[in-house]
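The structures come next, written out as structure tokens.
Same chain, two partners: chain A is paired with chain B first, then with chain C.
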Partner chain A sequence: MAATAHNRATIPAQADAGAANGVFKIGLGLGVVGLAGVGGAFAVDHKQAYFSWLTAFAFYTTIALGGLFFTMLHHLVRATWSTPLRRAAENLAANLPLMAVLFIPIVIGMHDLYHWSHAEAVEGDPILKGKAGYLSPTFWIVRAVIYLAVWNVLAWFFRRTSLRQDETGDVGLTFKMRKMAPAGVLAFALTISFAGFDWLMSLNPHWFSTIFGVYVFAGATMSMFAVLALTALWLTNRGGLGNSLTIDNVHDVGKLMFGFIVFWTYIAFSQYYLIWYGNIPEETVWYKVRLENGWQWYSRLLAVGHFALPFWVLMSRHAKRNRLVLGITAVWLLVMHFLDHYLLVSPTLHDHGPHPATLWMDAAAMLGIGGLFVAFYARRFTKAAALPARDPQLAAALEYDNA
Partner chain B sequence: MADRRTWGLLAEFENPATLLHAAERARDAGYKNFETWTPFPIHGMDRAMGLKGSKVGWIVLGGGLTGLAGALLLQWWTSAVAYPMVIGGKPYFAWEWATPVTFELSILLSAFGAVFGMFALNRLPRPYHPLDRIPRFRKVTDDAFFLTIEATDPKFAQAREFLEQAGGRNITEVPA
Partner chain C sequence: MATPTSQETVFPPPLVEGGHTFGSVTDAICGVVEKPTSNGWKAAFTAALAGLALFGVSVGYLIWEGTGIWGLNNPVAWGWAIVNFVFWVGIGHAGTLISAILFLFRQKWRTSINRFAEAMTIFAVICALTFPTIHVGRVWLLYWAMPIPNQMGLWPNFRSPLLWDVFAVSTYFTVSLLFWFVGLVPDLATLRDRAKTKIAHTLYGMASLGWRGANRHWQNYERAYLILAGLSTPLVLSVHTIVSFDFAVSVVPGWHTTIFPPYFVAGAIFSGFAMVLTLAIPARKVFGLQDFITVRHIENMNKIILVTGMMVGYAYAMEFFIAWYSQSAYESFAFVNRAFGPYAWAYWIMVSCNVITPQLFWFKKIRTNVGLSFILSIFVNIGMWFERFVITMSLHRDFLPSAWDYYSPTIWDITTFVGTFGLFFTLFLLFLRFLPAVAIAEVKGVMPQANPHWEGYHQHSDAAHGTTAGHGDKVHG
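Moving on to the complex of A and B:
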């Protein structure tokens, strides 16, 4: 008990509330501006507006899910090094209730988004008839409720238990979270895969890819590490925790971000390669749309920007330990994460080529949801310690040194 | 005894902290060819010894790029130049089908670069080392912490005095 009290006294764990509050206010302001833009988008072209909303929703939900995954992975493998970063991941996952609310427009716009949700379209289509048992509007909503409920319960459990440890310093809570982690990761793997099938893959209901769920997960984890890197950079600078977190902790996030750039590419290529080799029209149709009529430039930019460029930039340890290089790469990867989801969603609507004139609607949705996302995320750094202050492993993790 | 050469000096230290401190002093005193020997890695020792980053990364990069270029060249030349054949309706050469082999060969030669590059930089395998003849040195795998200064070091003449001042015990001359 004396030892934990000593730890709490010596490790600064509270982020600068004033700075975090500033981010909260800016985020909220930008969010309101963005949502006004989304309102305008619905007035102009409601179908496009729903697609833009889905793009932005998927972008931010995957990042929040990445935070949930990182939290659970930390407990699953009994990691030490990631202890100081876990609170940020918990705070990201705590945005999942927000995402559940922001899912409502997608339910309302279901018939504009999903071709299979029209009974008359299914009637004349033998392929959709065969899938009607799974792709039915009611079942689809029930599943969405299950995914969102599972994520929210897990995010709530891990964050609440972690916050309680801040108060009590009880080591038993660490074991409690470790006990929950295996079931949590299992539920997470199934729900994120099926959410990917339901919300993104079923935009083109004839097409299917069994690896699609892994693809969504790979992008989710990579972009979560980008946000985690930016958070760690912020915490060591404006956040006022430069004496606790060091560049060695930031460096580790950079390594995993680099790793997941490669993992995303591996999965993306695996999906493309098998379909290219098999060369069956019902499978290639999805890529055909994305490699013709101008979309091929977006696809090529994704290959270069989501893999080749950041791969070579982040390979060097000097880049991963340089605040500016790591920060710019993290922002760039988030832009690519948007392009990734833009390419998953938008070609369904614009299958005869890209339609840059409606990009402002995507930007408005990104700003609207993003502003709220950043605002609520930042606010959590004013409410509780930015590091799990009395986690028994915190001191050891902060001493860690990448030699 | 005239032809007997000396490999270096061996000094024992009480614990990791004193060894770390001695390594810092050796670094600051300008010793170049010295080494520390411990049963387990000690945090901060690289910095205390003033070690620079390993060069092995560059060897890995060289291996990876060789694998990348070699695999692409081999597949393109055999399939599109030397013996063009249509297989499964695919083009003679396409980056799609060339990628798996290119990826694997890049990884393979990178791994070779990492393993064999490490061997080369550490001058391994080395079946014999002068320290093998010091019976006390065997404790290094259990509970002893040593620092050695090699005879090739320009400041070797003052090494014994330095080790005594730095708190080294059982200072032993190691024959080559």
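Moving on to the complex of A and C:
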């Protein structure tokens, strides 16, 4: 395809609206079913329900944040190849308003989730007392509002500017987005780190790890690439854009997904290894819970499933270019992304061993938030072009081949 | 909108300036090697040799007398030797990042600077390796660090990160050297074919391994290059990760923190790019390589310095925040002591040079100003040396206040460190004199002429085919 230069006016950029609408409806239906399950969960065991909700919330928020990161990174490094995939990333980030709404139950359930939010617990605990200036309910809510506001403003700015370029074709808009990207990435790095501390690390308020923010970021980016790969596969197949987007574009997403499998492993291993080697009780306590009484099997599965297995599968160029293999691996990685967050959240509640009996509540929350997440995501492909149609770099990016 | 609206400017400008043809590229880069030795080079080389002599004397006296000649004291059993080791090994990382990671990311601008940066890597790692070597005290027993089977059943301590260093750094050195050499082969063949003297012809001929520029040679070359790039990429991360383990696997406050591995890697790349700029900015001027190492290259490197500098700043901030958040008295003390204790002067030099001054690179005017870039790169070099010094000096106030002591270097610490610059520049000047400082064949590959559909020359058959690296008709060996 390299020889026949795309004429920008003729690039098909609109996904099949019928197919996207189908996904929207299915997502909405599953979401309603899931939310009904969540309602049931709250009736049975509201404390567990909040933990399940937090797990699912963290799972989907990190994916949306990955979309925001990818969008800004594209502009920051002035990439060309990623132009056709940018709209999908923008659409993922556009789910952040939804995530802001879905955060409300976590505020309501704060006292069930976070030990430090109880004044009487802080009173008798010199360590919690010492950090009460940071871990206080009011300041925690203020910070959450700041994080969500920053993300939403950034997501809104980049998507709206990009959509405006679809209409006007103004090259200046590209420069405008590039200008915003560095400050955006900077704000993103700080907010995702502290959100990780606030929402996940502070579940165990005594425990601390300086790398934790990077850990959250690594998982967010890897899972986003998995969703991006699935989206690209869908667009080239049911989405009806197989003539614009090719396997060469998909291949690159596979490469980065592979890269971030390794990056996540590197960060996860660094954290585990240094804590294991140092062997200081105040640090090892976090892993001790996760390596005993049955949790060790979940942890081992994470090591194999989040690293060893996909690493060997995706190493081959043929695997990354095979739609079936790439698609199955992406789905598998999303399952592992769930396991990762399940292991971050759930052992706080079940520190004497896993409770598989409550897994249905986690599944309901995943389905409930996930159905809405997918529905809103799919809906955007019916509203606007699936590729940034008049981006000046689109033609060059589509001609790119990985041969 | 004030921004330009021409469509061309969305895409980056050309990588080679000055309207070069393939032939003039070869002439310009080979010319540096082929011209008679300049007085400037001789003067610089003499100074470097003097530094090397100083290094020899310092190391000789150290081996004769022992590490007592250094300023080490009881809580501070690691002094400048570990600081200098980490400083030099960190510098190497930019070379590997440019040659391996930027290659995998298809960042074509890397071709003008990779040869240069890889040479810097190799020489920096040589300087780095001298410090653990001489720090062992009895250097003649250094082979004990290797797991060599022996009748006493004695083995090195595999749980020690210092042993992992031996493997990590020696692997790094080997792979970097191989990578550098593989990239050099086509260019060595070019020098061979242009050689005017018998001895140059023979020596470049031997080094170029019979390269004739045949299709099959290029295919094997490209494949080997890609494989080596793939193998070197994890090394960029692993080497400085292991170096960070030297500190972080301990339980010393200020050393034992989980962010150390990525933080050290970011810092290494940061310092390495600064060193590339420090070396490249004068060299491009002296040897007239401005058409290849353009302002765009300098700007790109400045951007990487800005990004990695912020990563380092992020790590400083996280360490400080978590030290407080942990509510561990020892952690908090270690960081407050860094910023306000006896070594506060070093801490604030570090913060100023690594976090504050690189912020100037937010401005395009400064990023594209060659002189300012040079000055700021030196600030980074200084700041990153001090970072390792600040980290190492966590030792000076450990858990036992009665053992607290202030560390100062002796004259021998200083001469050894200054001497490594002599060693480094001796090797680097030899490299500039006898090997092509810019990858000739690779630079041609990113010029518009390399596109098979290019129709630029009026009579392009002659110029486009005549001067690729290595000639098919000159069979050698």
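Note that in this section the second predicted complex is superposed on the first by the 395 of 403 C-alpha atoms of A that agree within 3 Å, B and C clash if a C-alpha of one lies under 4 Å from a C-alpha of the other, contacts with A are read in each partner's own complex, and residues count from 1 in each chain.
Just so we're on the same page, contacts are C-beta pairs under 8 Å (C-beta built on N, C-alpha and C of every residue); 3 or more make two chains touch, one makes a residue touch a chain.
Predicted model only: the values in this text are computed from it and were never measured.
When both complexes are superposed on chain A, chain B and chain C end up clashing with one another. Look at A:L65: by the touch rule set out above, it reaches neither chain B nor chain C. Residue contacts after overlaying the shared chain place A:E399 against chain B, while chain C stays out of touching range. Greater residue coverage of chain A by touch, when chain B is weighed against chain C, goes to C. In the superposed model, A:G130 lies in contact with chain C only, and not with chain B. Of the two partner chains placed around the shared chain by superposition, chain C is the only one that A:F175 touches, whereas chain B remains out of contact. Shared-chain residue A:Y277: touches chain B and chain C both. In the superposition on chain A, the residues of chain A touched by chain B in one structure and by chain C in the other are 277, 279. Those residues of chain B whose C-beta lies close enough to touch chain A in the complex are 43-44, 46-47, 53, 57, 61, 88-90, 96-97, 99-100.
Listed in rising order, the residues of chain A touching chain B in the complex are 269, 272-273, 276-277, 279, 315, 317, 399, 401, 403. In the complex of the two chains, the chain C residues touching chain A come out as 1, 3-7, 9-12, 234, 237, 241, 245, 248-251, 256-262, 310, 314-315, 318-319, 322, 324-328, 362.
Against chain C, the residues of chain A that register as touching in their complex are 78, 80, 126-127, 130-131, 134, 170-172, 174-176, 179, 182, 186, 189-190, 193, 197, 208-214, 262, 266-267, 270-271, 274-275, 277-280, 282, 392-393, 396.
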